[in-house]
Amino acid sequence: MTDTTARLLINCPDAPGIVSAVSSFLFAHGANITDLDQHATAPTGGTYFMRLELQTAAIRIDREALEAAFEAEVASRFQMSWQLTYAVDRKRVAILVSKHDHAMMELLWRWSRGTLPCEIVAVISNHADLREAVEGFGVAFHHVPISAETKALAEATLEEKLSGVDLIVLARYMQILSADFTARWPHRIINIHHSFLPAFVGANPYQQAYDKGVKLIGATAHYVTADLDQGPIIEQDVERVSHRDEVDSLRDMGQDVERQVLARAVRWHLEDRVLVHGTKTIVFA
Amino acid sequence: MTDTTARLLINCPDAPGIVSAVSSFLFAHGANITDLDQHATAPTGGTYFMRLELQTAAIRIDREALEAAFEAEVASRFQMSWQLTYAVDRKRVAILVSKHDHAMMELLWRWSRGTLPCEIVAVISNHADLREAVEGFGVAFHHVPISAETKALAEATLEEKLSGVDLIVLARYMQILSADFTARWPHRIINIHHSFLPAFVGANPYQQAYDKGVKLIGATAHYVTADLDQGPIIEQDVERVSHRDEVDSLRDMGQDVERQVLARAVRWHLEDRVLVHGTKTIVFA
Amino acid sequence: MTDTTARLLINCPDAPGIVSAVSSFLFAHGANITDLDQHATAPTGGTYFMRLELQTAAIRIDREALEAAFEAEVASRFQMSWQLTYAVDRKRVAILVSKHDHAMMELLWRWSRGTLPCEIVAVISNHADLREAVEGFGVAFHHVPISAETKALAEATLEEKLSGVDLIVLARYMQILSADFTARWPHRIINIHHSFLPAFVGANPYQQAYDKGVKLIGATAHYVTADLDQGPIIEQDVERVSHRDEVDSLRDMGQDVERQVLARAVRWHLEDRVLVHGTKTIVFA
Amino acid sequence: MTDTTARLLINCPDAPGIVSAVSSFLFAHGANITDLDQHATAPTGGTYFMRLELQTAAIRIDREALEAAFEAEVASRFQMSWQLTYAVDRKRVAILVSKHDHAMMELLWRWSRGTLPCEIVAVISNHADLREAVEGFGVAFHHVPISAETKALAEATLEEKLSGVDLIVLARYMQILSADFTARWPHRIINIHHSFLPAFVGANPYQQAYDKGVKLIGATAHYVTADLDQGPIIEQDVERVSHRDEVDSLRDMGQDVERQVLARAVRWHLEDRVLVHGTKTIVFA
């Protein structure tokens, strides 16, 4: 990843000639395509998704001109929704957490070692417990208590603290955000749910898994929508368990899966690899 | 596995001294313990499960005397439910199948290569399509059509064909057996469900998985009870999929998982490794 | 996969404008790009690899004209090595096997169920044991015995039987082919080695794995070169084992891995997804 | 795990009656067996290994008397090597590290969260870089530089700092310990090697894996012996990679595998689950 890296995300009605039009435009503007993924949702007549990774010094000079030209010469012709992002513009991330620290710590740790390309601008929690751990990474910690009575007020405070943030990560945040709140952050809130969704929606999935006697436990990273635990799935993984495991050991083992799954999902989002199509994701990983 | 191999399965209220009592009895009767697994469902006051694998020439001489002595000297003292099985007495297995042949073929194939320790005495199908494939293995094939109107009669015919059978395997049998039928075969019918249960219960799980956009598909082998797709889970596994997969490719990939999962579950059952505790299994694998 | 599907494989020195040139050419000739993968072996100055999957009725009319135009208008400009294949032209495959049947059976079975897009024209073995199993699939079986003394002659017989074949699969063929032989089939012989290469090269890898006490066993599918077990790796996978496993159980479990790994590698080859770069492969899977 | 937990490890020539003798002794002394694993290295005439987990208040009263009785009544009869450990006596662990922090951080983190049952008494490094990270966990950090010339002296300093330590973990310690040093810590030094051993012994395994073009990379935790990278393997795992991965990304992905593999191996050692038999391990996990 260098400071000449840009990414072009496109979706439009499927049609012949898209690759040719896009790649010829980029070639003409001195951009070298270093990665290209495409997906059509049906053999014909579906929606077409494309992600290109580009290298070019040119994009640093005059982005606005480049973007205007792309809209005029290519995008308008194919009715494209599109977005050009620049790797140098690191996304601003806030983490929301309650008391369980494992998922948050994994993100902070990877970030501090340079493998999560973003700025983590704040960690916000409804408990004060993790302040020291967070501040040890040089990251701001905000304590925003929340209760049934104070929910509206607390969310207003959250919104204020989240001003300018590109991505919110719910790293085991044990509060349900209001539909109003989530509607203001479409496909910009990632949650880690500690089960293999759609199994074990809702509270206490490790207890549910134990009661059911499943032989694998899992974790699911998904975008948050107004429907609890129903947003588009980004990534999932599982771990083998047995009759010897109690709820506690499921929880311990599950935390390792949660860490890995959330870290992958967040990294893919930061690298603009996740596109949403209806209730599902397209992940160009 | 030799013809001196026996397996002792025990469950009883947990209490001190069980291992000592059982192992001392076996030692006194010339049996050598070659494998021993135990599980207590709670630290104290739970149910205790035990599986022992034994080697002894003695058991071939007078099983009845041995079993009577065990009941008198050990089992009655600890209120044990127990069962002693002999590897030479291979379980008699029947496979029920509809049109999809992959799960059935995997079983027949492993059996023909000597890695499934049982006798497969019959394959029964509600379609005639697989007769040739089955008979090629030297196994009897019965065509028992079934419809809503003929269900009771068909099940009676099934029961007749299944006389003397120890285990029924539903290798993608697309009919729902009646509660009466399943009640007569407790923990002796294994089904392969083509999803990671409890996700995607019921019909067409690959379509459900596609619609939901999950990133892993799975298969579940479980004992059949009157509650559809709800019996005790024996084994599960998953395979990674992506947005590129259509329902058809999910089905193709899923078949490989189904084959592996069902083959493992059936083998464990045949080796007396699966104990049932309420709605869950204990698998000493 | 329809009969309008073609695949274009390209490799050339990396340079700007390749995607644009290729996609514009295809668009101009009425071909719709349904899949596109590319890989450059270095950020700049490396080798560029590309695989496109196309749909077009046009290619059925006059392939020669299309290919000549591509050479003239695009390929020569970028010094491309390239190849255009048509899904309707199914590759002709021969399987070489000794006595272990599991890998061969997996291929025959998948092929008979329509999930391996090829023609299996023959199975050739240095033993006669598997004749019946092979002929049951309607495939020709040739018995070509081989010994140290008869090796040259036997290979000549093999060559004769392999006339017109596009791909040779060594499905546990326990003979070492001569350097002369393998040189005549570059990247057209796939072998399954029953270890996670480069660990346990040579004979009896399960014994080697047992002696070493590894905790995972594996299998490797690779193209065959004159260097034993050293050709470009196409696919690998592993399975967890433990101290309880003897050489025999490693072998049993390993056979399942071998089957899966070989089947994937062969399918990818048949779909033109495997490109070779020096001693390594690029797999657009 | 409570403070009444003890573990009994046994190895001896295989013989009839061992389970009976051991379990009857424990029952007579008021100990309740909560876990029991056994393994014989051959059907007859091999070595017998056993691990029992016990619960008893009695062991807290007079360990010496209990141990003397076991030796006299059981162990001497079967020529047992044996060891009785008490969960309350947490093992003392030192971590040796160079500059890569990921493996060390994983251990410190799990330990700080209570999931590694030990005392970490020191981290020792040949570089000073990680002092702050280590001391943040409240763990002593020692900087012991080492070079070809100072090796003997440096190892003497190490020995001094390691006085009283039960287990040394090489968490990417890039120095080769002398044969004299390792001989003084038999089966008490665990190393994490960043490849799937025996593939890629020695330096720079990710470069070796890249050059070979393997499709999976791995990590191996093993006891250290005088033979570099050849000691008994405790645990291994792998991760899928592709032609797209450069040496750098192999290293990044590999670090996740190293963390998991090392953490599992260290936990198993701390819970007395790893027994050594010649050049191999028996892991009762």
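As written, the chains take the letters A, B, C and D, and residue 1 is the first residue of each chain.
In the analysis below, a residue touches a chain if its C-beta (ideal position, glycine included) is under 8 Å from a C-beta of that chain, and two chains touch if they have at least 3 such contacts.
Predicted, not measured: the structure shown is a model, and the values here were computed from it.
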{"item": "Chain whose average C-alpha position is farthest from subunit D's own", "value": "C"}
{"item": "Inter-chain centre distance, subunit A versus subunit D - centres from mean C-alpha coordinates, in Å", "value": "37"}
{"item": "Between subunit A and subunit B, centroid-to-centroid distance (C-alpha), Å", "value": "42"}
{"item": "Multi-chain contact residues (two or more partners), subunit A", "value": "none"}
{"item": "Graph class of chain-chain contacts, one of line, ring, star, complete, other", "value": "complete"}
{"item": "Interfacial residue positions of subunit D with respect to subunit C in the complex", "value": "39, 196-200, 212-216, 218, 232-238, 242-244, 277, 279-283"}
{"item": "Residue numbers on subunit C that touch subunit A, as the complex places them", "value": "16-17, 19-20, 23-24, 26-27, 30, 32-36, 38, 40, 43, 55"}
{"item": "Residue ranges of subunit A in contact with subunit D within the complex", "value": "101-102, 105, 109, 113, 115, 136, 252, 256, 260"}
